[in-house]
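Listed below are the structures to be examined.
What follows is chain A paired twice: with chain B in the first complex and chain C in the second.
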Partner chain A sequence: MATKARIWKPGDTVPRTIGRSLLLTLPIALWSLLMFANPQRQSNRSLQIASVITSIFMIALFFMMMRTGSTYRWRRWFFVALGILFPVGFIHNVMVMRGTMGIPIEEMIAGRTPFCYLPIPLLILPAAFTKTLVFPGSILPGGGMSGAGMAAMAGVWLAITLVVGKGWCSYACFFGGIEEGMASVPTRAKLRRIDPRWRYGPWAVLLVMVLLSLALFEPAYCLWLCPFKAVSEYVAARNTVGMVQNGIFVVLFGGLVIALPLLTKKRTQCAFFCPFGAFQSIFNKTSVFDLKIDRTRCSPCVLCKTACPTMSLTDESIARGETLMSCMKCGACVDACPKHAVVWHIKGTEVATRPERARLLFLYAAWGMAVMFAGSIIAQGLATILHVLV
Partner chain B sequence: MKLRAKLGYTAAGMTVFAALLVPFLLYGLFTKGFAALGLHVDEMYSGGPKVRTVQTAGYSIDIHRPVFPRMLQREGPFVQLDWKPVSALPAHVSDVVDVDGDGQPDIRVSFDVPRDAKTPLRVNVEALNPRYEAMRNVGKEKFSRLIVRVDDAILVRVPLAHP
Partner chain C sequence: MASCGPVVVPSLLAERAGLRLNTRYLSTFLGARFLGYLLFAAVAWELGTLVSLPPAPRMILIGVIHVLLAGVLLWYAYSAGHACAQSCSGSKLVSLGVTKKRGVAGAAALGFLTGLSLCPPFVAAGVRAAELGSVAAALLFFAVFFVGTSVWFVPFVGLGCVARNEAVTTVARMAMVLIALYYAWLGLTMLLGRKLYGY
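On to the complex of A and B.
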């Protein structure tokens, strides 16, 4: 349902003409040029070409969002591309630099373990109590595959979170695209009855991992449960424990990121497991943008509930006219609603008075971040493919 | 328009403006802010701060402060010693080291230095002081008991005997 473009009714004030859509796309086009016209890229021809392609791709998708009024349908192309191309660029980098995806102990000691955002909530308590970061990386440039270090990743995460809140999970996360792609493969879900209590899974994993990280003084999630180790970088199996850890990564990746999304048409890892997603939900409370349900238009047919990839809508929340705090603002529910009852909203304003204005403001902020952060990752992955193939 | 709505639109506008500032100001500001928090990487990984350097013929041995596990950390206590530069090391190193600086020898460390940087290293440590644990033919078993090559140094972590 969510894959169909929303059809605008006569009288809607949203832009539908090509000219107006182009006009609304202009700021993003200029932003893309600014972000991708980086002088450092000039020396790398593959990256130059990849940057041009990525820029056109991101501008075209935004244009289609403006033209059709559909958000999820076009955002998904970007997000799946990000999910596929991140591992391509990353794995190529690690293979070139050290010839294996397994991180050796000397790289950890040297502080060269790449740092992604997933361990951020795990580091807070040890850092608060002991001023110690329980991660084998570097704080300042010199560590990590990008040479950036933990401070840079923390900085970019905080800045983007300030802008999009939980929207991070739909516009910046470079892992979620794989399962979103998997979830979009089947036309209908084979597994439809999912116990709603699974929604508490991410909170449970977050609580256990935060406490374990403090108790064991190690990034417990990275060492034991991260499914994406299977497509990025795993612990070099020096002993039986290492073998068990890697086995867990592969099983979780196969189950939560490949098999279950295919069966349920949901982002099961995000919805039922990801502790970072649960942590990020807190920032839905600080974000000025959210999604509301106009009760005067709602039937309710619960198509929005079916379309939501993270089960962030329940009968009760629909009755209250709002989404749950796990909503990551992907727009699937908005696209799915035949009555236009699910709308983008700015906190403090009347529901459904100017939903397109709220959508535009949110998309400018979120797509701007997507171009800046995720766009560079897409370009890097694309450059890797170009470099290898051409 | 109600005040709440005006505040909402103002906040939304400021969010878009903040998005514009992310690559030029906020990212750098937050990165510097994080770096200025005075946090440090756990010594179990970093090896602890260097406290002394012993000069020998052509190369030096950096001795780090002993590292002790925190909370329920799975590793034991250890002390890290760095032989560097690798290029100045002989084919076989066998050094008696005064780790704690009391003028008495504490351990004898022996290892081969292969010219190929990818060849795995093995180390033997003879404990001359009961405070240190002996190691026989150890590679890189654990963070607290290993020999590895990192950049231009060979690092040996000698476990401390449990009190």
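On to the complex of A and C.
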């Protein structure tokens, strides 16, 4: 009976009072101040103002999550802002440093491209067989990389990934926001019947890219298939091959990031193409947090299935009371469920027991990561706009 | 292994599970690859200059092989889907898993074409074979080269332990299509190389 008394009921804890919401937001507020109160920013007025705005933005969104109990609605504001502001800051930096968005192959070989996490899965086999990283980016100011720096980056990524799993794709990825924004534009999906087998696309791309990266000893995804090259740094085309590469980037970006999200209301690049997303899915097995469906409350109306931006809910998975391993923990299904049957869950605990506590713990981890990792990107983008306009 | 991996891994995953079945597939693949090696060795020795041909004809030769490889992979991907749709019974190409009709066309074609596909160590071996005194020595050299490189394929047998379901087969088929597109592109760039690279 004691267990039954602890069962969460809709409305038990949310909406919270303003005071309680503020109290719960306090740790994130302190973390945010710590992240943005960087002495190096003092010399750059635009960045200083942008940091303050970003800090307030992130704290306010977390407060609203606490106050309303809704996750997806508020997270989306942050994620779309990240998706839009990343290219702004990035392109500005590239233009200032290089004068063009096109990167010559010599620069790429010299490792003078910024760090990107997408090629991480492609590094594993070449590194295992040859002890060499075929990494196209740099993490040192002058270009190139150090073993210690790479190890530190890998360590941060691993620590975050082990806790939030594929939540990375909803709280840290600086690419996904563009398509989430596009998917939010139409009120209803025009293209509703999607063959569920397209969900296996990311795994196929991952398999091919891992094998080709080993065979060619180059980050094949960055050279041929990354849609986001269209809004970051493309290959400096000196011949037809370079033009074809850029053509592929533009077509993939236009199709998967702009057109299909508008038509389907899904994050189509993430759901059907991104190899890093497939790689992160594996870590959903190690993550402490997941989403469950309380079968005692579920009708099932399948509103959660419709709301899921990555098709990570199927009739079968709903019947089993769980999401597929491709779940990005964005919270869309939780917000969509009218009966509060979809709940946040900590592995090893009873389903629907204190789900708000599970949500809170997940959000502290995920939002902490968002502030640290994505917050500085948002601030940089805002600073660029302020710098240009003001 | 690195050069053949993109072809072997997806096509193996498109087959049915089981260590025996996968061993048979790999044996067929390697056997056909061996034939490709021997053919190349004989031609390399006979011509003496095959691997040191002027770049243009050599590019055309490799380009054609890559386009053929792309065609076989696409056919394989289609056949795998067809086979699954008919409970793995009616495929022309993917029929290693069928107990009654053990067709080996797919594995053999892929093995033979990857055997002829000129990866860097293979070209180096071809130069060595062309310098040898007799065709028998060239054949022996390539036979030993084949044994040495085939050892790296043994771990692929382990893919037989991966459970096959719709997800694995679909991923394998999609991967084969992507690899086919890559080889088609590679082949076409070689055939049209001069114009593509602007010189």
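FYI, the second predicted complex is superposed on the first by the 354 of 390 C-alpha atoms of A that agree within 3 Å, B and C clash if a C-alpha of one lies under 4 Å from a C-alpha of the other, contacts with A are read in each partner's own complex, and residues count from 1 in each chain.
As a working rule, a residue touches a chain if its C-beta (ideal position, glycine included) is under 8 Å from a C-beta of that chain, and two chains touch if they have at least 3 such contacts.
Bear in mind that the values here come from a model prediction, so they are computed numbers and not experimental data.
Contact with both chain B and chain C is seen for A:238 once the two complexes are overlaid on the shared chain.
Of the two partner chains, chain B is the only one that A:159 touches; chain C does not reach it. Look at A:106: by the touch rule set out above, it reaches chain B but stays clear of chain C.
In the superposed pair of complexes, A:214 makes contact with chain B and with chain C alike.
In the superposition on chain A, A:132 contacts chain B only, with no contact to chain C.
Of the two partner chains, chain B is the only one touched by A:349; chain C is not. A count of residues in chain A touched by chain B and by chain C gives the higher number to B. Once chain A of one complex is fitted onto chain A of the other, the partner contacts of A:200 are limited to chain C, with no touch recorded for chain B. When the two complexes are superposed on chain A, the residues of chain A that touch both chain B and chain C are 214-215, 217, 238-239.
Residues 2, 4-9, 11-13, 15-16, 18-20, 22-23, 26-35, 37-47, 69-74, 140-141, 143, 146, 148-151, 155 of chain B touch chain A in their complex. On the chain A side of its complex with chain B, the touching residues are 35, 104-106, 108-111, 126-127, 130-140, 150-152, 154-156, 158-160, 162-163, 214-218, 238-239, 287-289, 346-350, 358, 361-362, 364-365, 368-369, 372. Looking at the complex, you find that chain A touches chain C at residues 129, 197, 200-201, 203-205, 207-208, 211-212, 214-215, 217, 238-241. Partner chain A is touched in their complex by these residues of chain C: 2-3, 5-6, 9-10, 166-167, 170-175, 178-179, 182, 189, 195-198.
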